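This is the structure I have questions about; it appears just below.
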Amino acid sequence: MARYKMEPLRCWDKAKELRRSVYERVAKARENGKIIVAGGTESMLALPAGYDMEFLGGEPYAASCAFAGVQDPGVCREFFEAAENARYPRDLCAYMRIGVGSLLADKYLAGGSYPRPTFNLQTHICDTHGKWYQIMSDIENVPYNAIDYVPYAWETENESEPSKKLKRDYLVGQMLDVIEWMEKVTGQKYDDERFINAVNWECESTSLWAQCCMLNRTIPAVMDEKTMFSFYVIAVLMRQRKESVDFYTELLDELKDRQRRGIAACPDEQFRFVHDSQPPWFALDVFRYLERFGAVSVAAHYSIGLSGGWTYDPELDTWLPALPPKGAGVELRTRQEACEWYAEWLLAYHTMLRSLRWSGRGKNKRILDIVKKWNADGMIIHLNRGCEGTAVGQMELHRFMNDQGIPCMTYEGNVADSREFDRERTIAKIETFMETLGRKKLY
Amino acid sequence: MIADFKSIYENRHNYAREWKERNNDHKIFGYMCTYMPEEILYAARVLPLRILGAHEPQNVSEPHILGMFCPFCRDVLAQGVLGRYDYLDAIGITHSCQHIHQAYESWVLHKKIKNFFIPTPNNHQTSRALPYLRGQLEIFKEQIEEWTGSEIGDEDLLRGIDIVDKTRMLMGAVYETRKSDIPSISGLDSMYMVVASQMADKGEFNWILEEVLGSELPGRAAREDPGIRLMIIGSEDDDAGFVEMVEGFGASIVVDDHCTGSRYFWNVTEKEGDPLTRIAERYIKRPPCPIKDFPARNRVPHLIGLARDFDVAGVIVIQQKFCDPHELDKVAVTKALEAAGYPTLYLEFDVTVPLGPFRIRVEAFLEMLRSEALF
Amino acid sequence: MFEAIKTEREYWRWDEANWANPDMNWKSGEVISAGVDVGSVSSQAVIMVDGELYGYANTRTGYNSPESARTAMNWALEASDGMKLENIHFKVGTGYGRVKVPFADKSITEIACHARGANYMYGPTVRTVMDMGGQDLKAIRCDDRGKVLNFLMNEKCAAGTGRGIEVIADLLEVPIQEVGRRSLEVDEDPQPVSSTCVLFAKSEMMSLLKKGYSVNQALAAYCAAMAYRVYTQINEVGVVEDFVITGGIAKNTGIVRRLEKLLGIESLKTGVDCQLAGAIGAALFGKVLYEKSHKK
Amino acid sequence: MVTAGMDVGARTVKIVILRDQRIVGKGVATAGLEADRAAEKAWEEALKEAGISKADISKVFATGSRRGEVGGFDDEVSEVVADGRAINKVNPEIRTVLDVGAEEGRAIKINSEGRVLEFAVNDKCAAGAGAFIEAMARAMQVSTEEFGALSLQSVKTIPINAQCVIFAESEVVSLVHEETDRADICKAIDDAISDRLTSMARRVQVQPGVALVGGAARGVGLQRSLTTGLQLDELFVPDDPEFVGAYGAAVIAAET
């Protein structure tokens, strides 16, 4: 007998539609010679948005390929093989290997050959990012520029103001340079107004998503993580666009309504856990399997952080949804102002990106905060061999959680390379973990 | 004496402890990546020492670091967990790679020790990197001043620059002698020299270097027939056993691109301008670790230049297993070298190098480079 | 000491053999040279008379490599018509144990030897040699004299090596000589096992069997994966025709056929036991070295 | 009450029959490809020793990675839980259990009641400890008993890099070809395996007393290497260490 009521989400199809539209627009852009910018999706999407462009994000593309692997494992296999044949080692970033392989095989998931961008623009958020699109650009032979991202230290380190200012100026300076660079490589004038709007929308989208995630703190959770995956990705793909703001506004209302009426994502929710790192996209059924024990993933630093703007509140010693310019009553008027606000947003409020560079103390604190505030009973860590940025600090996190008396298990896998995931062993490990917590299968 | 290099390297911990006694307990600062601005530490009369692994199997790092991280960072952390560096007063690191940063973070988490992280730039090709790095160095200087309780003036910084630059110039001069047809120092001793320079008080170490250059190297031949001239490039490499094996097969390693080799000392500080800016500039202009080499590929021309200047017949590309920065450069670098006419042999290190499996690869590589003897 | 109770049959064992050409009279030969290839899994000794194959022995490598070298050599001599070790002018050791061949006049790596041997066995058109041995995969590019131009050996893991296949043969209780053939007795190839790690391939194979795969299908899935692994490696040196496969695994048609399919190239075949390539190359080098040392 | 525990491992099936908490029958058989046939063999042996028929057994609990392949049990428990319960019965002082089978390795942290607090299972590239020692014994042409004895004779330390056991073999092979003393190689292998097991054990923060169970536990060389590796005064190895899982299952069957 299910504990909670369920209802399909109205926003579900809209999200699907928006996701599809991105790949279509890229395909179209190719035909009518529109500017295509490629790079990591954490490249500051608002920055190239000074142009009427389509953005081809490396991570979501790779994730889609990996997800497509559920139906046809051949898809990714072909891309990985293409990369391996070109001598790219298999322990490198799985997303990168899919991108490079897809390019070398000249095959685009949505059909046709791999889109050749007007230029590549990358933000160097982890060791791989800056090199990833260097390699892509070598092969495509298109202009390439990269912005170095040095985030603020975690609040636990109480970093000095002068240091923060340096980081802000460093990032702002690079943005201004990149704008000039883009004008050079495209030969087209950069439109500050478009840019300023994009910054507003990007901050708004990510702030709204953070608010959506807050609603998952209640029992039962209004979204399970599988659902979150299909919603957060809108921000990943197009947070700098108005459609994204509209989508999250609507989603927030729907979720509030569900929360009020006690509608659950999983009718059997009994054991709430926080997951760490991206999931193995080709094996999301593992989450389904967990639900048979009443175990539901209610949050992950990854899914709430990657698309969420969070600000640290020293009084409450926790992180809360950050205020976008408009919400803070700020009117961005010039390129300079927009760059400064945008820089601050990424350096201070993007806790996910910050965790890629800050492996230890801060990340533990941040995730413990999530476990507590989202009322989780335990944690499951995906030791992700396909993404070193998120793998940083995972072993320490495991140790830390157990020391805090929070049941925590790890399983080894890979965000996109199914050859590194052993389903049998993972299932066996989950069963053991659940058994040691005295939980039996409900069905 | 050349022999000193090896003995400093092999007795690094005794050396450090004795140094502390001799220098009425001045502070010792262990660092984990060669982007650490030693000049500032010398200016503060703090001794900077590089922390390296021990190349022994260990079983203490797994609870802290994922198995897919490079063996070097695990080996380094093990040294900390096992208490081999307990004489250090502080440890520090700059932005380098995530793996070694993990070792640093775990060390800090589990050994309560004073620690300094300088958030240096990752991209040295943007003009914005210099003012940013200069600013961070100033903050670092202030933190050191606070820690030692004594101010660091410009003249101190200049003294620091002079000490470190002198080591760089002297080691550069030693490398210069390896260009000759019969190098006067082996690849093994050269490696000992550079790693020893990272483990010794450079003030003292410079005397040794001057002595070696002045009285030992002239007219010296590392070996009568240098055999095949090789370049060795890649990640951190202080694996004496491997280099010894290679040179044992009648080859000579005449130049390298490692952070335990030429990358560490290749360029010196500009003479003009404010000290901190000059220090920052030197680190930005040094031959880059792959992790700092984007958007353009500045490593490639540098490596081909080295191969040409030192007249090598082939290149051993060797890296720590799972070292992403170097794996990300593997294809571009080997391609470029092969295209320039330098055959390459690609190998991967682990904490302990399995000499057996490596021997066949190296021997075959040398057989391949050797002339017609068998035909 | 283990839960393991000895399996009645040792499925992983290769056959051993020795042979000498009855139609050749070695006594009339000018230069008699020998090559001994002490590999990790098996050892071969080859005797050549004036650069022509006269006899050989193929044995399993034992614990002690000098001993394995002697056994192989003596076994080859036994097959001969009264040849003694001292009748051989020049002996070259190769393979893992090359430096430990007690009677060898010189040691040369199996990489050089396999290229040279392949050149003899398959002719001067050979440009790419894939040697698949017990512990290593070696992709070798060579010129028309069998001189190595470029080569590459496997790093990190031993999947696709003879040892790996032994493990699987043992697991599935299939004699190793039959692994290849039986892997081809399937209507269509299943998804290759995903893990190239032999140990994980093992657990994967077990689950395939649980899923109802027949042993042959499981073998097919494994051979397909191994063929692919070899394929990526050989691509690193680049395949130039003619292309040949040497070493123990060349006997595994299941991997060879699949590899050829991936490459879209047929490999040359030969009547000579392809495990002998290393020893043959060694013996041929022996001849040259002997002649050079006896030129005035 | 008579209960039984059946442990269907990667390589063998083990069965333990309990009457009023006392072991009255044991049986073991190599699983090979057909675990169910092996189970029958093991049953025969165990029932014979106990001098009873299956009908006399009120409850059968199964454990082991391949339990899914055989039928004939009332409920199942994971190896980890079975080990914890069993070792606590045999020696209540134990807080950390190391289970080393042919393919799997496990480290289990338990409390004074034998409840599992935390556990670690070997990850990729660290599997097959037991199988590795077997394969190496084969390569050295000694029995696994001789292997352990030889290992004990050596005091030398030769590092073997055993992150991937199969690749580690080529290191062993080259040691062999360098005519390294056989005893030293055996110890080197035990040390390498011990290092990996110790690493895994440290994930659960090893506390004394420590027990070593599973098929590989009888290896006297491995016992020594682990005792040194974990800096222990003593390492507890129960009689019939390979039956611990089955025993635990039987005990839990009796208790529920």
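Annotations
Just so it is clear, A, B, C and D label the chains in written order, and each chain counts residues from 1 on its own.
Heads up, the rule we're going with is that a contact is a pair of C-beta atoms (placed from the backbone, for glycine too) under 8 Å apart; a residue touches a chain by one contact, two chains touch by 3 or more.
Every value quoted in this text rests on a predicted model; they were computed, and no experiment measured them.
Traced through touching neighbours, the fewest hops from chain C to chain D number 1. Comparing the chain pairs A-C and B-D, the larger number of C-beta pairs in contact belongs to B-D. Relative to the C-alpha centre of chain C, the farthest chain centre belongs to A. Put simply, the C-alpha centre of chain A and that of chain C have 49 angstrom between them.
The geometric centre of chain B is 44 Å away from that of chain D, both derived from CA atoms. Work out the mean CA point of chain A and of chain D, and you get 42 Å between them.
In chain C, 96, 135-136, 156, 200, 203 are the positions where the chain touches two or more neighbouring chains simultaneously. Residues of chain B found to touch two or more other chains are 62-63, 356-357.
Multi-chain contact residues of chain A (touching two or more other chains): 87, 383, 385, 395, 399, 420, 422, 425. The residues of chain A lying in touch with chain C in their complex are 73, 81, 84-85, 87, 418-420, 422, 424-425. The residues of chain A lying in touch with chain D in their complex are 383, 385, 395, 398-399, 402, 412, 420, 422, 425, 428-429, 431-432, 435-436. Of all residues in chain D, only 123-126, 159-161, 163, 170-171, 173-175, 177-178, 191-192, 194-196, 198-200, 202-203, 205, 229 touch chain B in the complex they form. Residues of chain D touching chain A in their complex: 65, 77-81, 115-119, 121, 123-124, 203, 205. The touching residues of chain C, counted against chain B in their complex, run 96, 108-112, 116, 135-136, 145, 147-153, 155-156, 285, 288-289.
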